[in-house]
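Here's a structure for you.
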Amino acid sequence: MRAGIFAAFVILVGAAVLLLVFGPITYVREAREFRPDPVAATAPPEIRMTDLQPGLPLPGPNPNTGGENPSWYERNAVALSEGQRLFSAMNCVGCHSHGGGGMGPPLMDDKWIYGSDIKNIYATIVEGRPNGMPSFRGKIPPEQVWQIAAYVRSMAGLTPKQASPSRPDHLQAKAPEASYPEQPPAGGLIPPSATAPQ
Amino acid sequence: MRIGLLVAAALLLAMPAGAQTATPAPNSVAPANAAEGDWVLAPKDYANTRFSALDQITRDNVKDLKLAWSFSTGVNRGQEAAPIVAEQTMFVVTPYPNILYALDLTQGGALKWKYEPRPAPAAQGVACCDVVNRGAAYDQGRVFINTLDNHTVAVDAKTGKEIWKVKLGDINQGETMTMAPMVVNGLVLVGNSGGEMGVRGWIQALDAATGTVKWKAYNTGPDSEVLIGPEFTPFYEQDRGKDLGVTTWPPEAWKIGGGTVWGWISYDPALDLIYHGTANPGPWNPEQRPGDNKWTAGIFARDPQTGQARWFYQWAPHDLHDYDGINENVLVDLEIDGQMRKLLLRPERTGYVYVMDRITGEVLSATPFAAVNSSKGVDLKTGRLIENEEKHPVLGKVIRDICPAAPGAKDWNPSAWSPLTKLLYIPHNNLCMDWESVETSYIAGTPYVGANVKMYFGPGGHGGEFTAWDPIAKKERWTIRERFPVWSGTVATAGGVVFYGTMEGWFKAVDAESGQVLWQQRLGSGIIGQPVTYLAPDGKQYVAILSGVGGWAGAIVAADLDARDATAALGFVNAMSELPNHTTKGGTLYVFALP
Amino acid sequence: MSDDVLRPMEEREAAAKLTGAWHEGEGILAWLSATGHKTTGRRFVLTSFGFFIAAGVLAVLMRLQLAVPENDLIGPDLYNQIFSVHGTAMMFLFAVPVMQGVAIYLVPLMVGAREIAFPRLAAFALWMLLFGGLLLFVSLLLDMGAEAGWFAYVPLSGPEYSPGKRSDVYAQTITFSEISAIAAAVCLITTILKMRAPGMSLNRMPLFVWASLVTAFMILFAMPSVMMASTFLIMDRLIGTHFFNPAEGGDPLLWQHLFWFFGHPEVYIIFIPALGMVSHIVEAFARRPVFGYVPMVLSLAATAFLGFGLWVHHMFASNVPQLGASFFTAASMMIAIPSGIQIFCWLATLWDGRLVIRTPLLFVFGFIFTFVIGGMTGVMLAAVPLDLQVHDTYFVVAHFHYVLIGGAVLPLFGALYYWIPKVTGRMLDERLGQLNFWLMAIGVNLTFFPMHQLGLEGMTRRVYTYPPEMGWDRLNLIATVGGVLVALSVLLFLFNLLRSLSVGRLAGPDPWGSPGLEWATSSPPPEFNFALPPVVTGRSPLWEAGEEWPVVTGLKLDQREVLITSVLDAEPDHRTEFPEPSIWPFLAAIAVGLTFIGSIFTPWAVVAGSVPVAITLIGWFWPKPGEE
Amino acid sequence: MRPVAAVDVSRLPDHAFGHRSILWWGTLGFIATEGMAFAIAIAAYLYLRTRIPEWPPGVPPPDLAIGIANMAILILSAVPNYLTKRASEKEDLRQVRIWILVTLAFAIAFLVLRWFEFASLNVRWDLNAYGSIQWTLLGLHTVHLLTDVGDTAVLAVLMFTGPITGRRFVDVSENSFYWYFVIASWLPIYALIYWGPRVL
Amino acid sequence: MSAKPRAALAALALSLGGCEGPQNMLDSSGPQADTIEGLWWVMLTVTSAVWFLVVAAMLVAIWRRRVRAEALELSGEPKPHRRERSLGIAVAASVGLTVAILFAFTIYSFVLERRVFAAPPKDALEIQVTGHQWWWQVRYVHKDPSKIVETANEIHIPVGQKVTVRLSSPDVIHSFWVPNLHGKRDLIPGQEAIFWIEADRPGSYRGQCAEFCGWQHAHMSFWVHAEEPEAFQAWLEQQRRPAPEPPDDLTRRGRDIFVTGPCAMCHAISGTTASARFGPDLTHLASRTTIAAGTLPNTRGHLAAWIADPQSYKPGNRMPPTFLPPADMQALLAYLETLR
């Protein structure tokens, strides 16, 4: 009997310790958020850096609104893996391959023409960039852009390894993101053109 | 082999002695207004022989070749262009931003003028395989170029002033233009690029004087738009029928089906026919486009005045492996089985040298010139490529060891024909690939590929070869192996010397008969351009080549791609991961002469 | 013989000395170091029962979600975790270990041994089970629970479709529980083969011992398959191997083959010990030895053997070749024969016995009633055409719950009522017991019988909700009510157990008048089991004993000395000294556990963990300083 | 019922070798289960072979030299292993000390070469399924090797430090038994890893 | 099997009713489901009989041999037993009967299996069904590729004809199951499964994914509409047409919103530039009875709700919410309703 109580005590304490230790770490990684928060009111300014855009030209302004707390996306395993899926579905892969580049620049290296911050990448996707990056404004909903942006960062090892995607069930193009060394997120070159509106 | 040699020797002996000096072969008809020793079109002549009758540089003295002068283009991307020589001036067009330079040959290449078309920067984002340009064309005092953002421009050769500029396509639809224009009878023939972006391929004829469109032929869709009419008499049964450009596609797919024209156009003045290839169908993933996908990956013979198709032949019906059909068509007249035939020689991406009757479009022979396992030959009865089921792409499965790889046994980089040796000098690849088809969406202006590809060097472990091919004996005379794909053009001269360049940057002169390397020089960057040779105002023969690695094969250097991703640059980076150790970016014109 | 009659005095002296040698000590350290088979066995059962209750709570949650159509009590994400953890826990953390726990406790007693072979290994098995279960359930609380079902088909559980660490947790839980099961199986096999009382030749072994032996062998041969599979899975997920990637030459069906090569025998691993328990209960309450001892043993062996030959019948709907499918149909039909033999033998025993109807026997009746239904639906599932219709529907859910609850849980509860007096020394309340039985029997049938119908009507498994227009709501509601009844019955059992600990009637050594050796010692048994280890002359020693009770003498009393006998006839062979209790198994389990859990997060944990694992294992095997 | 002393075991020995010992049975249990794991891995290899048209797919087969050399070492190690086992069963401490060290030397030599065997596979585990199973087979055997080398090393130390009892010799004997398993299990795995890509 | 014994047996099996329904293996509407249903009733009859016998034997034994609680005698010598021989005969006979029944079942199952899997004729209508997380892509194959028809979550088949179904999956394992027509077949990535179905009477049959495939496994259903061959041909012809031109300004605006907005990034409408393939093809959306793989009925209101907030109906599905101003939403809905 004593042993039983003791066992229950040990189990409970063990469980509590594990919960306390791992809870904060795993919470963000494992959460699955199906419905994004209602639109945040903070739409980035209407600037488009290129006339190139996928699909037909938009008939009128269709602002892409930003989400809140973008760092959430790059620590969440599902967001990153959705980003990986969308990276193919939205044809990013056609230009940037699986991070090595092609028509577009590579994304897995530590050179960032327009900055490596997730907000820079978000802006690059939404606004486009003059040298060929199309503007996806109004084409991809904000939370999916955040997911793609977070995945792009994971390709360079800028997101937590524990949340980064493992290899997909496709041709082995490269080592999976989860095996990239984590780098200090400061990396990259941010030219003035990326910070000032053009 | 021995018989082949005997035949070749006999043919050589049979030639008139005068032919050894500066007599153009009867079939290599140059544009009427071209001066002897000029180089007015990228393929040199209508027949696409890239043969120069100049013979000052011979197999004996070529070893003394020295750099005469050089010129920096200021653009460090892949230099695929052929320098054009006319009016004692050399015209060089750079990759994007497509600057056209006129260099004064009377003053050792001093800059005469430059023309900047300022194409839209965004066009770089829809150019599939580096932002290249394959050269200008000269005709009657005008220089024609295509810009990456789909403009064809006529520039005054004397002053560099723009004469006309027309917009022919839309980068938002993924279209670009990279080909060298062809000028035939006052018509500028141009086509679009972008088979990887789901564009609909076309060829147009513009009035050389005004730039107005004379005709436009699509390569997919209903007969009325493909310009197929009553004159259309293809040789093979499978190419006959109404609106095959629609019915051999899933519904609507022909509208985004590729079949662009970004390669070479030949012209036979006697038959008054132009020959142009059509590129791959889009997307690469063949499961998304069941059917034969007419009229992609084939060749059209058209009337240059009306654009009406005369015949068509499809190299790769329902193309499985991105075998664009845009390579050069070398028009020669040769004796086959004792009979003089008007032929069309075609070293094709599928890995075969096709010998065709250019009047009818009949395939007389198709012989592999490189390692081929993606197909098992060509059925000469039906004209169909015999597919190898084992190498058939399947959605979601990696099919390994497909040879040749997606750039084919030979890509756009043109071969040369020497009427003296009766050999076709083919710069080509030795690449195989792993291929996984994946589902892809058409989103206008974004890539429409649907395949993960990993290329690597083929049997033997080398990436490229330079082969002298005897189309009659249907075998190679000699082959030079190169570490990397031979992505440069080539030129054959009456001096018995053939020039080509390697991606490491070696510019080589080899003996046209034996394949012995007679001279070579390392240039500043890898060579993917087209060598030309010309007679300068000083009466000397010069050889010019643009150095500047890039293009699809050299994108890893030109665009700083990351070799850790094997699929980068549509899979080419995997094969070229060593290239950055051998060369760097560049963009320089080199001109060589004997001292 | 009469010269050797032992005086009661001698027995008492011996007991005192033996207590000195075998005592496990007091305090936390001693508690963690305890290795005695009764301690380990009790803890095994308690631990797995704890997981049973936790997984049962999940089952109730699922039933509540499904009680009405388009219910939004639990969303799909949580529901997927809940049913995955429920299945994983019930199979790996409850059904197998609880049977092993009972065996660890009872087998040494039943074969007249002082201790289980390799007691430290058994303790290690316990800790591995505990840590594996904690990993699974704590992960669930962290929103990191397994999410791809207990058979975790790839690619759904693979790297692309199960992001995060959820499926890694699943794979490592499997590894924990497999190591535990294999370790316990090695202990049991050795105990059964080498430590039986003199005279207990193989053909005199109690049926539960036979069942445990057969099960242990099945574990040795089945578990490696799922261990390799889960290793492949975790390698695919963590270091990018391609075992299950169809693009790069792997195959999702490889997982299914490996999993079911384990997964089908797993059912028998769970269910064969229960058959052994049933035989003991029937024997005791029918007041006669089980009819057909030899066919019973042969049936157990045949079930085990055939159990390895029908894994493909879980894969009829996948692309298996037609001929192969037919073979597996035949094999699956055939396995009903040994089960049939056993049922008929028990019926014969009941027919011929004098039935003393007590709670354990009621559970046996419940077992026959429900298990035969499960068996009959099992025969239906063996037919490929029918399987194609009902596979992956609620019909199958009904089928395997009938088999597992009917075939294992009901006998287990019967066994608990039967043997708990031996463990605690006190009787459970009979009236509460009977109420418990009826609640459970009715609850189980109410929950699962309608599911047959639901399956036929097209309700598929693992749906977190269903549309109202399908007409599945009424039957689902009934099932939910049944589920609540089952939960109540388990609560009632716990109440009965806790109550008996203080107010239960004292049991005495043999409260049921049973024939086995485990009843030949006090309740609860002393730490050394038998002051005078028995010598066996028949299959039912206590029933066959005359005036004299033959025993073994000559074992040292001041040391942990046990007798090793020969495999077939249990002739005394040699004596050997058993190890003291030790903290090292616990520490080794901690080291191994941290290594496994760490490997979820980085493969380097395997390298880093190998050092503490090596240290603890060396500590474990290092001879104690005082040894000769 | 009166207890009657029916069997007196006080004269029986306090340890025994081979299948008489429970240690032998425990070892056998683990050998059975690990052997089954090897069998499963081998089955997985053969299964994957049926799923891939070319074998090896797109890479050269493993280099043979180191594999053959290592195979020779492993087979030769059976000799000192046999002598260790025989000496332990004779309870000849001096002989045991000598031969267990020789066996250990062989094992360590094998382990060192094993490092290079991974390199001679000519494929990475994450290239394709072929690479994955090759590495797993080799890795699986290496894990068994490592544990037995550790076990042998500990026993070797004990043989020098004592305490030396009869049961310690049983330990040595069973360790040698396990080493036979390590040798025997290597034969099919060696054949698959090195010759599978050439023959299958 | 005719309806009468069916009903009788159903009562026997204590069934709670429900032998009819659009997704019910006991309401078979095709030869294969019929064969299997026959097997079911035979097996149910025999196994029920066996179960009754076993339970009856048990009850009789209990009744005969029970000992009253007060007369309980748990200690001491058990009663000697002398009936081994007759018991042995009874047990052996039972085992023999079991073996015979199982043998008969096995043979019967083999025979029916061959019938159910008999290869369809070469020229049978061929449908490719691809399972996606969590919807069904359906493609009617034709040797003339321009006559290929692509649709989603809805399959039309002609009555009385064998239809070959080719199954594949690009993501995880799904299972294709229309209980009224046939058993299920898994869609396994990297493999293609071929089987055939046939309906012998017109009707609408519901199918559902039967292999757990993630969050929305529960909402991955589809409908099979079996029609008379003429009606089927008419439907097929209709499906072959591209989407009609929008008739008025409102619908034209709706089309523009569709092809220029986020919709076109995932969906295709034949006849427009929208040709993406990651969501269902919507060319003839308005002709379908349900949306979102059988989750919601296809009405304007449900469509609007689905576009605006798909995640609350089908949490985790791949469709993101689309925020449109009300006027744009109305235009889009108006356009989608023209897609007959």
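Note that the chains take the letters A, B, C, D and E in the order they are written out, and that residue 1 is the start of every chain.
In this section, a contact is a pair of C-beta atoms (placed from the backbone, for glycine too) under 8 Å apart; a residue touches a chain by one contact, two chains touch by 3 or more.
Keep in mind that this is a model prediction, so the values were computed, not measured.
Trainee: So if I look at the partners of chain A and the partners of chain B, which chains show up in both lists?
Mentor: The shared contacts of chain A and chain B, listed by label, come to C, D, E.
Trainee: Please identify each chain that touches chain D as well as chain E.
Mentor: A, B, C
Trainee: Based on CA centres, what chain would you say lies at the far end from chain C?
Mentor: The chain lying farthest from chain C is B.
Trainee: Between chain B and chain C, tell me the centre distance in angstrom, where each centre is the average of that chain's C-alpha atoms.
Mentor: Roughly 72 Å, centre to centre.
Trainee: Starting from the mean Cα coordinates of chain A and chain E, work out the distance between those two points in Å.
Mentor: Taking the average C-alpha coordinate of chain A and of chain E, the gap between them is 37 Å.
Trainee: Counting in whole Å, what is the centre-to-centre distance of chain B and chain E, each centre being its mean C-alpha position?
Mentor: Each chain's C-alpha centroid was found; their separation is 54 Å.
Trainee: Report the inter-chain centroid distance for chain A and chain C in whole angstrom, where each centroid is the mean of the CA atoms.
Mentor: Comparing mean C-alpha positions, chain C is 45 Å from chain A.
Trainee: Could you list which residues of chain B touch at least two other chains?
Mentor: If we look for residues of chain B contacting two or more partner chains, we find 396-398, 434, 436, 440-441, 443-444.
Trainee: Going by the touch rule set out above, which residues of chain C reach two or more other chains?
Mentor: Correct list: 75, 77, 155, 160-161, 236, 239-240, 242, 245-249, 251.
Trainee: What positions in chain D touch 2 or more of the other chains?
Mentor: Each of 57, 126-128 in chain D touches at least two other chains.
Trainee: Can you name every pair of chains that touch?
Mentor: A-B, A-C, A-D, A-E, B-C, B-D, B-E, C-D, C-E
Trainee: Taking the touch rule as given, give the residues of chain B at its contact with chain C in the complex, in rising order.
Mentor: So the residues of chain B touching chain C come out as 396-398, 436.
Trainee: Which of the residues in chain B come into contact with chain E in the complex?
Mentor: Interface residues on the chain B side: 198, 246-253, 256, 288-291, 395-397, 439-444.
Trainee: Which stretch or stretches of chain E touch chain A in the complex?
Mentor: So the residues of chain E touching chain A come out as 189, 215, 256-257, 259-262, 264-266, 273, 278, 309, 311-312, 315-316, 320-323.
Trainee: Which positions of chain B touch chain A when the two form their complex?
Mentor: 120-129, 171-172, 196, 396, 398, 434, 436, 438, 440-441, 443-449, 452, 454, 555, 559-570, 573
Trainee: Contact residues on chain C for chain E in the complex?
Mentor: 75-77, 80, 148-149, 153, 155-156, 160-161, 246-247, 251-253, 284, 286-289, 291-292, 295, 317-319, 322, 325-326, 329-330, 333-334, 336-337, 340-341, 343-345, 347-348, 350-357, 365, 368-369, 372-373, 376-377, 379-380, 382-393, 449-450, 453, 456-458, 460-467, 470-471, 474-475, 510-513, 515, 543
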